[in-house]
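A, B, C and D are the chain letters, set down in written order, and residue numbers restart from 1 in every chain.
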Amino acid sequence: MRTTRIAAAAAAALGILLATACTTDAPTEEADDTATETESGDEWFVQADYDEQLAQRDIEPEGDPNTPWLQAIEPEWVDTAAFAQEGGDATVCFSNASVSNPWRVTGWITMQQQVAVLQESGQIGEFRHSDAGDDDDQQISDIQAFVDSGDCDALIISPSTTATLTPAVEAACESGVPVIIFDRGVNTDCAVTFIHPIGGYAFGADAAEFLVDELEPGSTVLALRILPGVDVLENRWAAAEEIFADSELEILGNEFTGGDAAEIKNIVTQYLQRGDVDGIWMDAGDGAVAAIEAFEDAGAPYPVMTGEDELSFMRKWQETGMTALAPVYSNFQWRTPVIAATMILAGEQVPAEWVLPQDPITEAERDQYLEVNADMPSLHYAKFGGEDLPGFPDAWQDR
Amino acid sequence: MTQRLHKPRLGTTALIYLALAGVLAAGGIAVAVDGGNLFATANLVDMLTRTSLTGFLAIGMTLVILCRSLDLSVGYTAALSSLVAATTMDGQVANVPLAIGAVLLVSGLIGAFNGAVTAYLGVNPFITTLGTGLIIKGYLDTQYKGPAGDVPVMFQQFGYTRIGPVPVSTVVMLAVAAAAIWFLRSTRTGHHMYAVGGDVDVARMSGIRTGRTLLAAHVLCGMTAGVAGLLLASRFGTGSATAYTSLYELDAIAAVVLGGTLLLGGKGGVAGTVAGVAILAVLDTVFNVLQIDPFAKDVLRGVVIIAAVAIYARRQLDRTARRPRFAEGRAS
Amino acid sequence: MTEVLSMRGIDKAFLGVPVLSSVDLTMNQGEVHALVGENGAGKSTLMKILAGVHTADAGTIELGGRAVSFTHPLQAQHAGVASVFQEFNLLPELTVAENVHLGREPKRRGLIDRRAMIDSTAETLADLGVDDLAPTANVGRLSVAHQQITEIAKALSQGADLICMDEPTAALADAEVELLYRLIGRLRERGTAVLYVSHRLKEIFDLCDRITVLKDGRLVDSVATADITPDDLVAKMVGRRIEAQFPARLPGTETGGTRLKITGGGNDFVDSIDLDVRAGEIVGLAGLQGSGRTEIAEAVFGIAPFTRGTVEVDGTPIRITRPRKAIGAGIALVTEDRKAQGLALWQSVRANARMVLDANARVHSRRRLARVSGLLASLDLVARGEDQEVRFLSGGNQQKVVVAKWLAAEPGIIVLDEPTRGIDVGAKHKLYSVVRELAAEGLAVLLIASELIEVIGLADRIVVLHDGRIAGELPGGATEQQVMAYATGRGPE
Amino acid sequence: MTRVRDLLLRATNPTATVFVLLVLVFAGVFAMNPGFFEGPSLMAFLKQAAPLVILAAGQYFVIVSGNFDLSVGALVGAQVVIAARLIDGEESRTLPVMIVMVLFGIGVGLVNGLITTALKVQSFITTLGMLMVLYGAIRLWTGGAPTGSLSESFRVFGRMGIEDVPVLGQIPWALLIMIAVGAGSVLLMRTRFGRILMAAGDNERAAALSGARVDTARTIAFVLSGLSATIAGILIGGFAGVSAQVGDGLEFTVITAVVLGGVVLGGGRGSVLAAMAGALVIEALFTLFNQMALPATLRPAVQGAIIIAAVAYAARRRTRPVPTATATPS
């Protein structure tokens, strides 16, 4: 017992001792205090971010609406001339958190297709990637490996969790490689650009506002969530809670489902057994169809519902004619980072924070999206944004 | 009377290090064919880095498995420890010793709970530690909605600093491994773990307090999980409640059995475990360098583990035969 | 001489069956004391009481003049009594030194002092005159003799003044027995008392200073070795009236054709076995422990098959490589250790009694299944019902379940290995009559028993084994002296 | 006197404990919401509980013979994904694909069984390896997320039932399948095979010396577990459709259920009926949590504590074994 304790104490002492003397991959400057302040609390609700995201929904993004992955909301352009490179054989590295859900699988295919185009046109040489299987520690190692190899001319990171990857990303920035973050952020702004759709608050608010608008006061709403502790998902729920609190809707409960359809159907069935459920709020579309089926099987009227732009949900929505909304966490954002990498390597300006548009799909647009994606598998995302890529549609169909 | 002491156990351990060399060679060739160099500094650093986390967990796991027990809660303990560490430190260097103490105390207590329930209430360790894991998970999910706490930069060095190509965390892991080897060899409690796992009745008849020994193994296993949590905190710069989703416990068990420790206890050791950890790390690095699909990695890991245990089982079989009175050929 | 042990008026009963009544035993320092008697005479029980495995119902035990009472083997160890049982208390994965010091490792500054451990083991071994055993050798790779030495060294290092040895030569080869002789000589010189339980007269007369004879749980005599001859000793051990105990051969029992014939059978454990058993015949296999009795049973049943020679069943040559084949050929084996090998203890009486039928399609039939209940009843099984788990039954009733499970398959040949071990008198008598009935029904019966009187009282012919070979054959009703003469390797009297 | 002892013994017997527990949990549910016991909602509960109950039966065979099967969760997931990909919405393929699934389930069980028995790899390792292989292979095959879709006729078993039954409303097919599997399992345990399986888990050596093919029986147990995972996969897929997470972590839930049913890890003890009741207890517990509106995050903790407590209670008479040798003279 004592052994381990001594060893651990020795470890700490060793760490202190070596902190100045040895090579280190960690950032040597003091951590950014303001960033940690906002994230180290237990609560996920940050009023300023919430307000900002809600406002961003109404701002017209810059750029061509036909290529939403290149649009940006209120960009602050930064100069990247320092990273400019000659020739088109730059090696781009990508540390992926995982491809453990259909949203990521779809996006990953889109990214690979985009890479193929850029390689074809000679803007990118080699493209390397690693997959951390949702393990933060693994991803830190992956990032370190890319940095240590010294081969990467640009490093794209899709972090597994926000706060935990901060030190590793800071270390990567310090190595001098241009770093591009997308999807979830990290608590540092050292990256050249951080690409993301408006965000979780906007997603959750879109959905909650829709329910508030469509349901009579006093109606009941059940919230279905995937996992606790994941920031983008927690933000969605935090925004919804905020909006529901100001409404006259009754929230029956919020349940974690793991995104497992069987679990979702179970839970919804149980709630229906105990009383009416008028609305369903979901923090992601996985398994949304199972929730609808629970109403069918229980013989209950369809609820007013918010899911996601996952095709199985949208098809069910079309089929049943229910009142619904498909909030979007823009899947096309997977194209942007590689394009951003070529821009940076060409010395072109990019937005420091590249906020992509994030518009929910309403009933009016629904049929049009379903038509375009008619041959796509059911776990595909309507706003995947890859229709103009050469691999379309085969690459997304036979994955 | 000056023969080397662990000569008898060298057989299996040597085999595992041979296997490690084989995996390195095969990986090296595969990477070379692909046009890379597995033994480039960056790749070596990567391999070594990958050993540390699983290493800590697997060392503790070796102790409980030697006692014919199991701990499925280490992933949860590590996640909780990362939070205890980060929230106690709260960005202050001065709090680091306190945080380390708190982590070792909490993780040791979790281990003690596992050990006590298993040893004194007669609950199968599979169930005990599965239950403990669920309890910790419930606490984490309820208490922490995400990363919390702040690890001072100084302590982050534990996760990021290197001495030459060797990360400090790996050095510490190897030091803990050495300490565990020493513990098993040189302390009575450690030595008795082999007896408890080998034959609990013989151990009891020899005057060994078997319950206490098992308890000690679980406490130490909890504490190494605590150290793993410290490493996570130092690498994350914060504590992460969701770290348990990575199923570190299964990796640790895989490394232990790959390292030649018998799942039924009484045989094996930490030296083999370190090699088992290293084999998994080499495979990870090779797969990364070769850009192999992450799912293929799962398949190969599964196959490697089964194959390794099958080979050990084959070696074990020869030992059980009775001694012949009339050896074939000698008799009329 | 100093008296190290004094046991007085020891009584012990199991489940109401008296096993020891008013037994006395005294031993002096440095004395090698033989405890003899037939199986069931109570010597093992007496030894286990001394070792703290069992607790006496009545009587006193004094060690070195101090009254003691043990409820756990560890207490006996602390009081200086060590035991070397037949099943070793060693860990095969550890070294000799580690085993010798297990639980009492020498420490220096709180840590195990391996040097001291090895040195003191080496010292103990040297003291015992053993020079070919390294303290650092792995016990799992040692010969049986060396394992035994390790046990004895362990006992000595515990500071034992008294070592009990239960049939220490049973598993030893001749050369190894020599080693043990020397070892015991050394112990005597050191002043350690040895309680020596054995069947082998030669050893007893070679080694022991005094002999205590038990019979039927009572003390017969305790004499100095010099004052008694082997023949007198055997006479003191035996002498129960056979006719009174064993049912007579049933009328109408006919000895028919040869059902089992072994010619030149041999494997790693036995050699040159020629044996035949005819229908209706009871053949006894006698011999000391480790002489190959059980090994022949295991070979016939395909557990450790013969690698040489031939086996014929009902005139047909057959290679029996697995128990299934033996069962298919109509052979049954009531194993020696019913708990480890015969019964699934947590299952019901019915499940156990059906086990052979359930397991073998070749012997399974509705008719036989229907007979199972009747079989159990005919064996006078006492149980709360066929649903009762067998772990709750007494030893005798458990054995009846084992016998029933084999009889259910209606075998032509039945091998009974120590069928009466550890069961009460009533159950024994029942089993004796069952054996007779089986013979009358035309089965070939091969009976193995270390209790000579059983073999003599029941068998039509007695085959005596010595060191894995057949030493001689005697007709049923031969005297125990005759059997012992062959069994101890002295040849016919 | 003996009668009282008998009753006491029976009530504290681990197998009976689970039924007492079941009644207690149901009583709790009833107290929270009496409406739960109305026909339709009870049927809905049983429909949703059926897959776990069936898995428990399959796992029971493996555990009672002295092994573990950790691969069932991954196998359930694999089966659903295989079904979706191969059927791809075509009604005509439903039956052939189901046959393929059954063969696949048998195959996985066979491989588990053969590696465990012939290669002497502990089942914990074998099936842990199989878990990894299945998890990885199925995602390799589908590119990470399930593709295709299930046909309506495939979904009938898990979703539909006999409609318009008085009082009960719908009698789900899943319930009937569960009853059939349950009855089949109970009957199977009464056959020669069942008895041999039990004996093999209790005392391998005694069973082998009685002529039992212990290895074969154990391998068949793995095959049965594979089959139960296949049926569970058909029901879960039918119940809720395809999602990427199907089956995740089911292996631990089902082993917990079986152990809660008084089946002892290590083999030879416990009844299949109690194992299935254990699965019902788990499902009922989840329902109770839901009725109590227990915070979702806290549920694992309560679940863990109940499991440890239940098993400790069942084990209390087995602890402190008398250190002395047998009680019989020898």
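Simple rule for what comes next: contacts are C-beta pairs under 8 Å (C-beta built on N, C-alpha and C of every residue); 3 or more make two chains touch, one makes a residue touch a chain.
Keep in mind it's a predicted model, so treat the numbers as computed, not measured.
Using the mean of the Cα atoms as each chain's centre, the chain most removed from subunit B is C.
Looking at which two chains touch through the most C-beta pairs, you get A-B.
Taking each chain's centre as the mean of its C-alpha atoms, subunit B lies 45 Å from subunit C. Inter-chain spacing, taken between the CA centroids of subunit B and subunit D, is 30 Å.
Separating the centre of subunit A from that of subunit D, both taken as means of CA atoms, is a distance of 36 Å. Among all residues of subunit A, those that touch two or more other chains are 99, 228, 256. Under the contact definition stated at the top, the residues of subunit D that touch 2 or more other chains are 144, 296-297, 323. Among all residues of subunit C, those that touch two or more other chains are 73. By the document's touch criterion, interfaces exist between A-B, A-D, B-C, B-D, C-D. Against subunit B, the residues of subunit C that register as touching in their complex are 73-74, 77, 89-95, 98, 102-105, 107, 110-112, 114, 118-119, 122, 134-138, 140-141, 143-144, 173, 266-272, 292, 307-308, 467-468.
On the side of subunit C, the complex with subunit D involves touching residues 12, 14-15, 17, 19, 42, 44-45, 48, 53-54, 72-73, 301, 303, 323-324, 326-328, 333, 335, 339-347, 351-352, 354-360, 364, 394-395, 405, 421-423.
Residues of subunit A that touch subunit B in their complex: 1, 3-12, 14-16, 18-19, 22-31, 36, 39-44, 98-99, 128-131, 133-138, 140-142, 144-145, 148-150, 161-168, 171, 227-231, 234, 256. Note for the complex: subunit D touches subunit A at residues 33, 35-36, 40-41, 44, 48, 51, 142-149, 159, 236, 239-246, 248, 286-287, 290-291, 293, 296-297. Listed in rising order, the residues of subunit A touching subunit D in the complex are 99-102, 104-106, 108-109, 228, 253-256, 258-262, 264-267, 269-271, 273-274, 286-287, 289-290, 293, 297-298, 312, 377-379, 397-399.
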